[in-house]
């Protein structure tokens, strides 16, 4: 019994107990759920040391679990978000059906994720991966909304990824007769070249599905937006990072040894960048907050994939930094949307309007997340992006920089859209009685928002963990070379002082704000209906907020790009396959005589060719 | 210091100077007089050399230029625009129609005397006034501002009830949207 | 060791014919007797299995005639494992069908009597198929199995059971024709019917006879094992039979059919190309069956096609050969028996009231029948191979076995088939849990007995899933035994020497 | 002491930027008038305007974001100003230029737009929101050639620091001659950055009632104007630093910045207005081609 | 005891008839549309196979395979008893199958009011 057993045991046991606690009462269930997460997280962070190992023998296979700094880094994302989103979840999910089921799967997916980051061999990795997949799948379809469309899409792509991973795993086994990841990285170079590239590509496919890389991303927008927001915070924030985790391992231990190293990296990096670009464009035109954020998640994951694929030291730091930061701000954003959904009853951006005065704290955290998401200094979102650009430029991927920069700039558009549509604009009588979300929901959001600011000034606190993780992966120590506690360096020795930026910003902001707020009391708030509009005064039931065709000019400008939609090809392929399946089953035409003729024909054919296929 | 009388005077002088030389005009082009505004602003007469420039919204404007007759329908808007403007603000009545109704003196639905509804600082007479006259009017207004006599807004505030009563009288039951005026 | 393998066949056969007599005494005995008998047999079989795992196979001679002249029963870890599995499934099927409501629709106890009689005979025949060492005896058991299966398929008068049964019978009699022809060729050329003896003498056969016999065998057994172009009967029979019979088909009958193919290829003939044949046919079977399953609109038919597809996978696993492949195949057979039976059992209760058993009628049933739905979902998750359920380990075993032999293309094909499987099973699960109920069909609660047997199956899925070692030891032993052809021949034929 | 000097320097920098920026705007108005055959306002007209706006009473607001919008704008303009070198090799304007690099500045310059966008959104005026969407869309347009030009220079000289680029220009000559393609792309992007005609659809007065700022008056507008003029100076200085080797003293700086300022100004005087999508397509046309060519050029060099 | 060793007219007739029966039976089973005819065809196939089986065991001039001391002393050519046993079993089984099949046909006829196999396909796809 060590901390690994205990953490996993608590999570698994807690999951099952939570389900049964639901039969007793809702309060017991909630307590069970939250205490499971909190206790697991607390014990984990207090007790976990990087050298703990646990071994199971199952089915003739040795499953070994352990922890290293890379895993620790991702555990921070997982458990940190789990605690925050867990607290958030309690009021958010209150009164919904089947909560025992929901919380059980919630805990199971955390269990799966923790298992993944602890796995030291491929089989346990796969087992936990699948547990994570199906538990998250059950949550995606949990509210029953278009379950067969969205859920099947999600599970189909997940299974596609998982099965390509499984194929790679058995290929590894056939070559090395071991499932251990350590053996794999040691023995990778001894494999035949064709195996090396196949295994690497299969694994990349498997992880890219979870990380929603370009041709495999079509599940993501629907799945993200369909799950309850308190889970999507985890889903987009932590669960998708498992794909990143896998990609990091693959790129470090395998791709770097490939003869095709360069091409694999370039391809994946480009796919990541195109993912970022296209997903951003689609995010801009979404009219549902959840969908918008879902596409935005895909886009952000695109940056991360690019960073991982480039694989230089600084790009790895950038990718891991972006992973953490994306986990923070996107989880926060989804929580914001969840709070809005709970309080105002909808996430339709064309309906929502003017909630800023009703939900100021929610707006504050949304604003912080938005600034971090857009990568604008001085919040921490900027650190990762900066490093990503520096790495791409110093690595010679110039066009990639442009693509990513385009995605990033276009990201402002949807950031503004979501902030404006939900919180700004004219107030609506329909939302007259909307209140700020309960404290249990607001506090996690505000905590994340403040953390975004804090890490913006002192990114070193995060970079330290990333550095440890990268040292485990065989990179040299990067502190001092690429970053200090409050300074970032690029390949050419140029630097950015994050703390100075933060101080300058705050100084200027506060100074100007003081000027602006001088004689604040003399000012008077007037309703947003009181606007200068050619002397016209909107009636109470009229709302002049700009909602429809929000970025029509941009859409017109970019229309050639929108003509190709990958889901169209997938749909056509699926329809074709379905028609084909339907056609093949016509073989069973229901006539016994036909079946008999099949038998005789088969016999005759087999007799005729038997000499060729059987050797006596 | 700011409450000190002398320094207040200096501040007033500076402020009035600035206000005088920077008149953002919101032209309310209701009547035929609007046609005289473009020549006033463009190359021929170039009002901008006096610091007069157009403003697009009442929030930014200093001068409300009523170019011609106002009907009961438009006066509602004009009042609203006027009240949306920020202090200090001035009204210029433009053309005979704003003074006494002009050629619409017996029309059933035009406003005859603008001053009953809005505090007009300067009238520019003529039907319609030429751009020269308009510029003349602006210069008069500038003088008034410099001397600190352009206090229509203050007058409006002080006699709000009277104005409101007049407005109500002419607008009748169609006045529900006029906001409370308390700034 | 408490008894000889003969009891495994003799007792149920005897009991089957005793049932009507007992029924005259007390009608409830008709229901109770089979259970008691099967329970005893299961005990016997487990005991024997334990014995054989330690001491090697038990060869039992019937009526004193030693092989190669007489008929012998071979209880090896391999055949014993299958026999035990069949008996266990038989027991669960019995529990499940105990006071199964449909039977009670009839006033008299005659249908019940027929059902239990046929069920007992079916179990007898299946166990006989697995245990016998004589090829003609095998034929006889297969025929008995067939006749009982025809009867059980046509059990319901008001459904299309007769049609399904006729198809089954038609194809089945073709199968028996070919089997008899093949036996005839073997006997005419080798003059022996004992499997071990045939295996020894097989090389004496002229190639033309050998190949003809092989082809005939393959087609005949292929029909029983539901290979692709030969399996037209299967989905009909599965879907029209009563639910416990469907489960029994998946858990018992198919296993017997598969066993024959395996025995043929692994023991009787050593002919090059058979393994490849198995793989190719298995893949084709899988593909067509899963394609068909994908587009089904009726639940039981979908399960039936899925079952065929799984059998294809088992064939592939056997075709991989080697110990890993056989191990994987046996594991798959075990899982398939457990899981597919559970799916049939729970699934038929989910659509109990429905006439046409459409999948769309499952919408939202999860709220009304939580436990049954949960068990169905568990089965679905297990059969598509999600860890940590039982199906995962067998899938992993197949894949590692294939990878060991370097058959990457096959792995890819198996996995892509699995994708289809995932879709259509989860579509059903989605309907059960996450789609709103839109029919006014009522539900029928499972009987406690049925619930018990389903729970047992569910528990096995979880136990094997979390701790596969409960079963892997036996499987390893069984697969080693199957591959050890020499010792099989030796064990069987040495009897005659010791006696003579 | 050092801190004090730095702070004073920063304040001085901002004041100079404000004065110069306002002056440029005034000159712009004057020149525009002359081109239109008018006398035009005096060059100090803008100071008067700003003074008037600040002294104007501002007694209504629509919420806190409207208050903060000018603050956000100021962060972006002043902050950027503080992080780029004003004069080369002189201690007159000590600032933070060694603590940020080009990519940082690229992003920092956007913060103001975002804050402004939020402030305009808060007012609830549909014209403001429409203007914002146009502005942001247009920004996506001109950022592409702009970034291309910057990346071209970064890879040509292996640095992302403005000071380093200035130092390099001391040795190799101005970058506008070293990589003329990048310079052209950057200049074309600058047209969009200044939002003068033909790219002034954001605040098209006749159509959108001055767009984003339509609810801002008084001190808000005054601060926005100040911020705009500081930002104009900042951008010009940045261009001078990047392409004209920086300036060694204030006179040179003024000459150089003014020369650059003439480009968008004169281009704007003779241009009608582009629609948003036309503007975006314009930036993704020749400027982007030039930017790509610049990239290729600097890779080849 | 190979097939080709003692071919004579009788053997050829036996084998030929048996194979002809099998083929006729298969023809009936595969081509005829009536369930009854199909069953008859299957029965003919059965008969053919049984005949074939018996023929294998046949030995020209062989006696009945009855072991008695008198017979054993003469060491005569006995026909092989095993095929005969097999045939007996096969006949029984065939009988049972035919019986079941006929019962099914009656059921099908009641249900579908036809014995045309083309019309009995409620279960398909």
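We call the chains A, B, C, D and E, going by the order they appear; numbering starts again at 1 in every chain.
Basically, a residue touches a chain if its C-beta (ideal position, glycine included) is under 8 Å from a C-beta of that chain, and two chains touch if they have at least 3 such contacts.
Everything numeric in this text was worked out from a predicted model, so none of it was measured.
Taken together, chain C and chain E share the touching chains A.
Counting steps between touching chains, the shortest path from chain C to chain D takes 2.
Of all chain pairs, the one linked by the most C-beta contacts is A-D. Chain centres were defined as the mean of their Cα atoms; on that basis the chain farthest from chain C turns out to be B.
The chain with its CA mean position farthest from that of chain D is E. When chain centres are taken as C-alpha averages, the shortest distance to the whole-protein C-alpha average belongs to A. Here the CA centre of chain B is 35 Å from the CA centre of chain D.
Distance between chain A and chain B, defined via averaged C-alpha coordinates, is recorded as 58 Å.
Spacing of chain B relative to chain C, judged by their CA centroids, is 97 angstrom.
Residue positions of chain B touching 2 or more other chains: 57, 59, 183.
Residue positions 29, 38, 120-123, 125 of chain E each touch two or more of the other chains. Residues of chain D in contact with two or more other chains: 57-60, 209, 214-215.
Looking at which chains touch one another, you get A-B, A-C, A-D, A-E, B-D, C-E. On the side of chain D, the complex with chain B involves touching residues 29, 33, 36-42, 45, 48-49, 51-53, 55-60, 205-206, 208-210, 213-218, 221.
Here chain E touches chain C in the complex through residues 1-3, 22, 29, 35, 38, 42, 45-46, 49, 52-53, 56, 80, 82-83, 86, 89-90, 93, 96-97, 100-101, 104-105, 107-108, 111, 120-123, 125, going by the rule given at the top.
Remark: chain E residues 26, 29-30, 33, 38, 117-118, 120-125 touch chain A in the complex.
Within the complex formed with chain A, the chain B residues making contact are 57-59, 76-78, 80-81, 84, 177, 179, 182-183.
Residues of chain C touching chain E in their complex: 136, 140, 143, 146-147, 150-151, 154, 157, 160, 162-167, 169-170, 172-174, 176-177, 180-181, 183-184, 187-189, 191, 193, 235-236, 239-240, 292, 295-296.
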